[in-house]
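I've put the structures underneath this note.
What follows is a pair of complexes built around chain A, which joins chain B in one and chain C in the other.
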Partner chain A sequence: MPLVIPDISLSIAAPEVGLAILICVVVVADLFTSMENKAGMGILSLAGVAILGLIVLFQWGGGVRTTFSGFYIADNFSSFVKMVVVVTTAFTILLSLQYAKMEKINYGEFYVMILFAVFGMLVMASGNDLISIYLGLETMSISSYVLVSFIRHDPLSREAGLKYFLMGAFTSGILLYGIALTYGLTGATSLTEIAKALSGLQGAAIIADPVMVFSLILFVAGFGFKLALVPFHMWLPDAYTGAPTSITAFMSVAVKMATLAAVIRVFFIAFPALAGKWNLLLWLLTVFTMVWGNVAAIAQTNLKRMLAYSSIAHAGYIMLGIVTTTKIVGGKVVFTPDGISAVLFYLVAYMVTNLGAFGMLIYLCREDFRGDNIEDWRGIGQDHPWAGMAFVVFFLSLGGFPPTAGFVGKLFLFGTAIQNEYYWLAVIGILASAVSIYYYFRVVMVMYMEPRGESQPAIEFSKAPSIFVALLVLVLATIYLGLFPGSIIAAAKSSVAGLL
Partner chain B sequence: MVPLSHYLALGAVVFVIGAAGVLMRRNAIIILMSIELMLNAVNITLVGFSRQWGDLTGQVLAIFVITVAAAEAAVGLAILISLNRDRSVLNVDEVNLLKW
Partner chain C sequence: MENYLLTLITFIPLAGAVIVMLFFKKEQTVAIKSFATAVTIVDFLLSIPLWTRFDTSEAGFQFVQKVSWIPTIGVSYFVGVDGISVLLVLLTTITMIVSTVCSFSAIVDREKEYYVCLLLMSTGMLGTFMAVDIFLFYVFFEITLVPMYFLIGIWGGSRKLYAAIKFFLYTLFGSVLMLLGILALYFVNLKLGTGTPTFDLTELYAVGPKIPIGLQSWIFLAFFVGFAIKVPMFPFHTWLPDAHVEAPTAGSVILAGILLKMGTYGFVRFVLPLLPQASQLFVPFMVLLSIIGIIYGALVAMAQTDVKKLVAYSSVSHLGFVMLGVFALNQQGVLGGQLQMINHGISTGALFLLVGIIYERRHTRQISDFGGLSTQVPIYSTIFAVTMLSSIGLPGLNGFVGEFLILVGAFKASYVYAAFAVIGIVLGAAYMLWLFQRMFFGTLDNPENQKLTDCNTREILYLLPMVVLMFWIGLYPRPFLARMEVSVGKVVKMVNVAAAPQNNKAASLPVELRSRLKAKNF
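Up next, the complex of A and B:
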């Protein structure tokens, strides 16, 4: 057997290589830092992440390149996803710098685990093979189990960690069985090879095989768990409530973004031949997710938990974009790029909005007072009009009102749905998002209409400049994307262009 | 030579036992063991298919799965220990501070 030297070009995988170096640097530097100065690790990670952002930006527009024997692909789509992940990470670290001190989790490992999770996400964004996607997914998940249960002295956080871990590990088992069956039927794990095996006459026989359909269901269930689509969402409210708030913000954006990148690649690149089948499954999950996420959020009294349910609902809107990408023209399945570019834009809008909403919770948080119940926000609109206004902007964007980013995002998503003749899905989505206005504005009402109770502690926002700067940027970005979405939309369109 | 169907049947049976264990048993450590069973069932399936196709990809993935399972077990047991520090809970039904 001849020895084949695989083609490995590290420059194509520069973001991952750079991040791996950064992780090593932070781990080692952490050893020489005293307990009081651990925030320095955060600043070091932040600087590293900023350089990482530049590397990713530099890769934009470099065309489609693969390396590591086709395991790794670098194209505009992966660069777009990585950019969102990197920006989310930067904001997460900014929000954590002081918050970690308050929650007494100010260890260097906190930032290291975030970076490990980011490493997994970058690999997922560039995964061109079921093996690399699986490994990225696991690197991301295992790091997030640790991050969720990071507040060791808080029973809520430990419990959230256990639940997230058990559900997550179970899910990877399910997903893996799907991967194994697909490998068995097609003889390949590379996404393009699978697509090749499923096309043509021989492919028609495999597609008709019930085992293939079963493996597709396992894929949908596995990814559905990770994205928390109803009915696979049970872990999410618990994990999001118990986790440190900055980690909740991180997971609600970055983990979703990376998983979605993997979902898009697997379903659109590897299984286009089965589009009719998975589209139907995802259609059902989308409807359940949009409806149940919004309905269950109404009953919540804990703001963090309410935002957790709202993020389930938003996962539903995002899946709506994935479903509506598939269009049937004359009995043949066609992919229209509008759906995915709408999804990518929506994720950017959702990133600035959701990071901001969770950031407001961190802003109010003090050592002896978490402030994540809705009634803790009583009277804040009257006493602190600017902070109240910031929160209102985020709620407007989450509810989809102009002139915010969320409005443009929803406009595109529902516009694509109508354009590709998914009328029912659009109607259900719009009705569901009308329901969401009720619970978002209940918080606004509590902030502005209800006076602060006698027994409630006085409002005292965090004085850390890092949190203030992060929130200011997020508010401005939310409004800016609502008024001038053009550049991000163009970027989203060009990142999809090379994909489908 | 053992035919492929034997590998697949064994894999499927072990996977179902593992999945049933996760869904029905209430002891967190037994749930963890059941998850390991599921992963090992996948490994059996992968190696069987790998032999059938005559290429090594399946075996490579199986080795990765074993590695990931080890990492997962380490993190999972650490979370269980931290949960057990102040109160001895192994039954997942008693882990119920967060509801709905």
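Up next, the complex of A and C:
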């Protein structure tokens, strides 16, 4: 029997290949860099990521191509997701350059681990097979465990890392079990093959099997843990609070984006036949997530922790988009592509906003002082009107207020809900989002309406130009996307076009 | 020029705010004040052509400008004014001058931010009244919340933080539900209407009557919550006294004068013509809430010991009248409601200004601290008297014309409505006259009040336009009514004509059944 060599096209997988080269370059260059010049690794990574962005952009519109025996797929959807991940990474590095020095974590490995995580994300975005998706997920997860506990001298960070690791490892196990069961039932790991096995008469028998339903539940739980949907969210507040702030920002956007890409592919492409079942499960999780994320955030006094809970709530809104994409008319399942494009747009809006909000925390950070508590922001709006205003813009966008990116994002998400007649979900979600204004604006209140206490340290923002530039771009992008979302909407729509 | 006029009026305050932020230093308070005033005056001057060049025979939108904004979802930057909005726009530009000038001495800290907020507020409100695209409307509608939140929260009274967040959350809860209503309308239009995505009101008007009554009722409720909280109608009014009492004078004037009108305007602009059958269906409910508001507001106002709170509750009562007129669903009622919106803006705005003037001097608003003021401050007392009488609805002043029309409209709809409304008028006269009596008559026995100085020139100057308008509308309302009549007529026709076939169908149903039965029998 001749050995069949699977078709391998490195040009289709160009982003991953490029990134692998970049990682090697940074690792080697790191050996020859003195401790004082480690920020140079950041700059090197940033330059590499910029090139990576160009490669991804170049792949846009190239049609649907698979390689590695169908393990890997490159289409507009994967390019869109990769673009979001790459841009997030660029901002993360930009925000880290000075911050890493202040937290005394200025090692070359810091940037290398970020790049490793990005590698996993890119693979997930292009995963067309449960195996490749799982491999990407693990690469991403293991790198983020390291990143979360990177502030070794801070017990909070170590604790966060340990918690995140234990929960994450457990979750991966659950997901792997789900994959194994699915493979056992369908005999396939490829997403399209699974879908084929589940269709027709034979498929009906598999679907009726309780083991298949169990496997589906494992998938929902596994991805639910990764996305921190309530009730699988317990690890998130601790992990996000303990992690270096720039990593929190990175995880809240990029990890979520990559996981969602996997969720979208797995549920919509592999399991359309089971849509009625997983949709119901996700409906429940969405409601819990939106409500609990917002309610729990109200009680927080630590701003970073509050933003962590708010990111749980935002995962809820995003899931609302996934749930409402599915419409079941008389037992037949119809997918509305606009729901997925709404999710993609929302993630872009969320990216600029959330990176900005965490960026503000970094902006206030000094060697001996972290601006993590709400109290630390007392009176800042009065003495530093521009910084205060930037934060207000981010809060408005997080709360879904026009004319910011967050508003347009929510408009699309809730638009799909209304279109597909998920009225109760829409009402619950939009009321929950109105609640969120309460805690966002509590910070605004502290910033503008309460005088700074006598005993509080004087306000001193970071003087690093990289942080300033990043924040400026993010503020402008938040407003720009609120006023002129057209081009991103069009891109989101065309990235979904061939998917469902 | 004509095409850009509305855009200019809307965005000049915004440009002013940006200039203040960028080019003025915190310490240059006099320069900031003069600049802000200049901006509002220029804005008002630009809005004068809306009065002089307005075509009173045209029911549709005038001075329109339409530019595609987000074409993928059919959003356009579409502004225009018609009889329903033109006077509100003018009221806004006038009120903005007044509230800027009245703040000169009242606001003594963080002036720069204050005038920036005022100017931003102005852009938000003007945009709300001019938007013909619902998306655009919603954007402006929401934007107004933010500067108002700051106005109350930073420059407010002792419970400012509570009042600010309460105002913000209350209104927000309503408006997000309204957003769902807007989205429902948008998708219904995709299904039943032209099929092209649009938020353009003029196109959505056509699809409104075709919406099945069940869905229409839900959309009605979504809009109702949004606008009723803003008005505020009876069970949703609790944010209003807090916000009014804690807000600085200018904030109260803007709140009462314009912000509340965004609610009543919303009903006339969107709810009646877009959801005619549902509007008809909910008339008893709406009228009931309005009447409760009228009487409850008046009774609570009577029991107040704080002047500002009294005026705040009187707003609940007055806006009950407006809503009663609007939901009489006939020409006189809606026209009266429209005029009464303007009247309330003028007279209640002036009352808040007057309360602000006395508060600046005495730092108290308790009615019991005053008494016998008429001899000490004659000019102030005279203006207060005129304003009070205008608020009561004395013939010859503006309030009378509006209330009269509303009563005629209500009477035509049902005399039960009118009977209750009349009770409200009597109560309104009672609390206002009693207030006046306690503050201005009797003996001037409080030594603090004997040091009181009368209005200065600046104060007289900014009160004057209000008083002039009170007499103008009271004695010669023709030009005001003429501008509104045709557009109001169109709305009334839309809400009634569209409802007619539905009613006929319902009425003809038994006839049809009977004929069928007959056919079977024979």
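As a convention for this text, the second predicted complex is superposed on the first by the 499 of 500 C-alpha atoms of A that agree within 3 Å, B and C clash if a C-alpha of one lies under 4 Å from a C-alpha of the other, contacts with A are read in each partner's own complex, and residues count from 1 in each chain.
Please note the rule applied: a contact is a pair of C-beta atoms (placed from the backbone, for glycine too) under 8 Å apart; a residue touches a chain by one contact, two chains touch by 3 or more.
Remember, it's a predicted structure, so these values are computed and weren't measured experimentally.
Once the two complexes are overlaid on the shared chain, A:Tyr145 sits against chain B while remaining clear of chain C. In the superposition on chain A, no contact is made by A:Asp75 with either chain B or chain C. Look at A:Phe165: by the touch rule set out above, it reaches chain B but stays clear of chain C. When both complexes are overlaid on chain A, the residue A:Val427 reaches chain C alone and has no touch with chain B. In the overlay built on the shared chain, the residue A:Phe484 is in contact with chain C alone; chain B does not reach it. Within the superposed three-chain model, A:Leu181 lies in touch with chain B and out of touch with chain C [touch as defined at top]. By the touch criterion stated above, A:Leu156 is placed in contact with chain B alone, chain C being left untouched. After overlaying the two complexes on the shared chain, residue contacts for A:Asp376 are found with neither chain B nor chain C. Of the two partner chains, chain C is the only one touched by A:Phe414; chain B is not. Applying the stated touch rule to the two superposed structures, the chain B and chain C interfaces on chain A have no residue in common. Every residue of chain A that touches chain C in the complex is listed here, in rising order: 382, 385, 392, 396, 400-403, 407, 411, 414-415, 418-419, 423, 426-427, 430-431, 433-434, 437-438, 441-442, 445, 448-449, 484-486, 489-490, 493. Within the complex formed with chain A, the chain C residues making contact are 21, 70-73, 110, 113, 138-139, 142-143, 146, 149-150, 153-154, 160-161, 164-165, 168-169, 172-173, 176-177, 179-180, 183-184, 186-187, 218.
Touching chain B in their complex are the following residues of chain A: 130-131, 134-135, 138, 142, 145-146, 149, 152, 155-156, 158-163, 165-166, 169-170, 172-174, 176-177, 179-181, 183-184, 187-189, 237-238, 241-242, 296, 299. Across the interface of their complex, chain A is touched by residues 8, 11, 15, 18-19, 22, 28, 31-32, 35, 38-39, 41-42, 45-46, 48-49, 52-53, 55, 57-58, 60-61, 64-65, 68, 71-72, 75-76, 78-80, 82-83, 86, 92, 95, 97-98, 100 of chain B.
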